[in-house]
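Structure first, then comments.
Per-chain numbering from 1; labels A, B, C and D assigned in written order.
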């Protein structure tokens, strides 16, 4: 089954393939009266845009978004917002080999197994290019919940982790790695360059924090805030793990170590710790929402890998197209977008039931 | 918002509180003609049932399931299957303190913040007791996909991990920890006993494997198989992390190390590795589906923790009720149930679109 | 496919067969803090209850509802409300013939064609008995929108229509036909008695009005208020037609005749007519919502009708069970319930998007 | 709330306003491997296209559809199909008056009441122009169920009904009224011309028949085939009533008159009548599906009608734009599209559960 919509009340549907004429998203359920122009969306797309440094794919896409509906006199009308991004720099010739043999780690074989047929050009629908649609939709979501700030960064590349003591939010946008630790950023420059030159690739861990989320958002028991965030992030291309708060580390703690004690505060309760990542029972506690997402290394590498052809014969494949040496880096704006979309949806859901 | 249904085509809805008269699930969309009696469900409930060893809560619940609809002459009719489990051993007096003050790590404060009001008895709706409904529904899901085998086990308790070299599937049901490594099981006995006696608690990691899943199941892009599994597992009480395949470890690998090369096999492709956990592009590859789930330590501990009252005043709380020293242990049948429910849903979704 | 849930935000799921142990509904998404006890639901069930006059089926069901979850200290908690009604007076022996041959006009053949198998006792899932679950859920919906009054009545039986000039709302509950015209009620007594004694049956038209619905409710374009009402009513057993406002009569009018002119009023606009039935563009205008629903005559009659057996052989069938001579009469509380459920859902949807 | 998606498994989402740059639909869940080009869709859009005779609006729109995704090498890939139609002939100046005062019978007031704000140009989102998106989506749906033939026609205009004895399916496409009775077509020419010249408008009744629908399609109890058809048709602009089979006429029949007896036939049961319109218990019986839809007269008329301004002051309005004198005529391809979309969705739903 194809299921290209996400959200319960604020819903978006994406469409488009890597090498088709365009990609896009339809955002439905957005409240009316919110000021919105292309200029509110473009900066987030620019953040995700390929070709901005030598550490990302060299495909050149301006990724200019057009709003085709749902906005009048500069404001949302409450009707569906159709967003379209034209594909400009498709070089389908790069992908001729992909038509014949399956790239391990890619969705090629799985799509063929499912649909009996696939658009092989640049990965077709399974390409990370689709995440531009998410980023565009996410920009709308941010405007729905202006009280919330969603910010992600890269915490580790290829197993080399930042030093939390050197965390400086101001650094995140000053280097091509969305890295909050300037020393780590310098190390990663060498690391990613090496991988790029070797035709290899690296995995990454992204951390994300949302502040300003009021206690109460979350839709138990089967649209819990943490479950929705997990689905939203695990569904991003190349993601293999999601943690809320301490995540897997919590499994090694005792109940005493893991407690988040509370005290009376000036403005509601004050929490003395945030092991839970701001969510209890699937509902926001009012603390910062914290999560981490693991990206596998880009599957496209220049080393030949054993594989089979569509006909089932043995062969080798080496992925020659233009690719990110570390796909996790450009995952930063995508994680932010998905988290914003979940939170905006939960904000409206909460209002529906609890006024 | 309250959202108590899960699934797209095979959908289930659960209801009930820890100390109400009963809990239950309505399973809708189940194919007709499947042989089903209470005896098909009861063994899975027994596996989750409290009070079977000193390592779980001492609440005594027979957890006997009744099928109230959807079955005729011993077979499913294609109409909704209503499953009910009566609550027998509720001791509401244990929870009088909970009415007044918030237990850190529990959903108490979040529920009040959301609804302005909560059934505090035993955690009400947020109690892990609700997972019995999931296990009952999951037993039905297993029958929908008899070709699939879903099996989970405990991989680590309190940071003490099994030795993969000693993995023996036959051991899993021979000890109270669902532990496949008999030596680890012995160590955990001491470990959990110690925590229990100290009124403390421990976290755990559960691993789950589903074999027999054909290549092609999965509903990209927003109901991807891995995203659905992540939501299903992250929504289980006390879960803080989910990994598919190598999960976070993949973030430290290079593209060459992470590759899952393919070769022609007797019966479709043969994969030389399974870093991906059997899912590519959100679609099953035909390999075993592998995932890991992190459970935090039980929040109920006998050590007093700083907290606030409903009125916002400072106080301390110590949770005296009957609790699991390691809630992750009884998570095993719950993870299995959720994985079975996702897979059965995806099986029907795949059939809808791809015949 | 089986699809036993209705609603977008306030959702309910029903389960149960005519001759199973019980039937019920799970209402999810209800706002918290609403006073609710069985006594709020029972009067509506009593209104639908069979056996209250000689003009309805003689099956004796107390139809006592139990609330199994979602209510604490007399108030809704925001968690799912499970409602259960036990089946008491099942006489399955009446239905032995139904197991073998298909009753024309009933769902027997269609269910077998769909599922290959069916619970034939009393129509199983397709029995109008299921509508008791809707009435129970509808009673909850009414409490969600206390500003709205939903009231239905019978407008015609067997083609004999009330005189609008004699419409007296106070009469509706004073006769067994929910008839607002006392003269028509007298005529119907003879009419229905005659049909009953002859083992025949009659169709009916029900009218429904909802007042107090504010302008703005409705979810265009694919959950328009009129579309949702049409689905809700057309899905009631035996319904074959739904009209909003003037309905089919509007098709014979000119634009001038059909206009609903507006004037400034004391409290928003004053409408000079209501051909539209209070809905424009799928959104409530603030006028009374008006609709009409056509019920076919009960398919169960004592005249033998040509049919086929399950094996496909020719036979005749005569439905001997206990049936309503005019199933439309007991449709009144069911139409009311479905209209209340749609309106409550739309109220919450409106709040989600428009605050 | 805005809710612009329709369907359960085969889902489509529409977007766009009358005077925006374009309108469109995203069709998700379509099976893979179906041959599809713009040429499969265009003829249905041409059938709905305005300006083809003097009996429809004189707005000139080529309504050329572009497929932007979901098709590769001439076949559907199973991924979302994005369809776009550019708006070419917008004359926004015609609508200046609409910005200031509410047109009775239109959605103007209701949209403002809901959203506080609206795109008034040509009715914005509430314009019947949106139905072009439905027709495009419906063309895809037809290809999903090639065994089914869906055909609609106009049965009455302004109360003047065709003579069933003169029904000739071949006539439907030979006159500008989709009229199967050539004599009625001649009468309607005069009738509609008269209304057009007088600046008046007329209502219409459309009948629709779907043949080739196998017994078993339908998703009881809350996505019954008849309920879905009712929602699909009632949601079309200007529709005020829907009947399945005999519809309201059935309410005047006795059970004997309304029976659809069955006999053994060469190829499954043979039905001796079809009062039910091919649906029992919400499930197709294998007979032709028959329904009727009532369209009110176009609300835009040249006679001034009393109304109020946005500020609530009394005024009169006369709708000067380009409008259909009988909007029901162009409703024919829209009804067909919606019926095809419901049936295709039900086909896939049936396959999901029943294989």
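The rule is short, and it goes like this: a residue touches a chain if its C-beta (ideal position, glycine included) is under 8 Å from a C-beta of that chain, and two chains touch if they have at least 3 such contacts.
These numbers were taken from a predicted model, which means no experiment stands behind them.
Note on connectivity: the fewest steps through touching chains from subunit A to subunit D is 1. Farthest chain from subunit D (centres taken as the mean of C-alpha atoms): B.
The mean-CA centres of subunit B and subunit D are about 46 angstrom from one another, to the nearest whole unit. In this assembly, the C-alpha centroid of subunit A lies 26 Å from the C-alpha centroid of subunit B.
Each of residues 1-5, 9, 14, 29-30, 32, 78-79, 114-116, 125, 220, 349, 352-354 in subunit A touches at least two other chains. For subunit A in complex with subunit B, the touching residues are 1-6, 8, 14, 102, 104-107, 109-111, 113-116, 125-126, 130, 156, 158-159, 195, 200-205, 214-224, 226-235, 237, 239-248, 250-264, 268-269, 272, 275-277, 279-286, 294-301, 303, 305-308, 312-314, 328, 346, 349-350, 352-354.
By the touch rule above, subunit B contacts subunit D in their complex via residues 9, 29-32, 78-79, 220, 348-349, 351-355. Across the complex, subunit C is touched by residues 1-5, 9, 11, 13-17, 20-24, 26, 28-30, 32-33, 66, 68-70, 72, 75, 77-82, 114-119, 121, 124-125 of subunit B.
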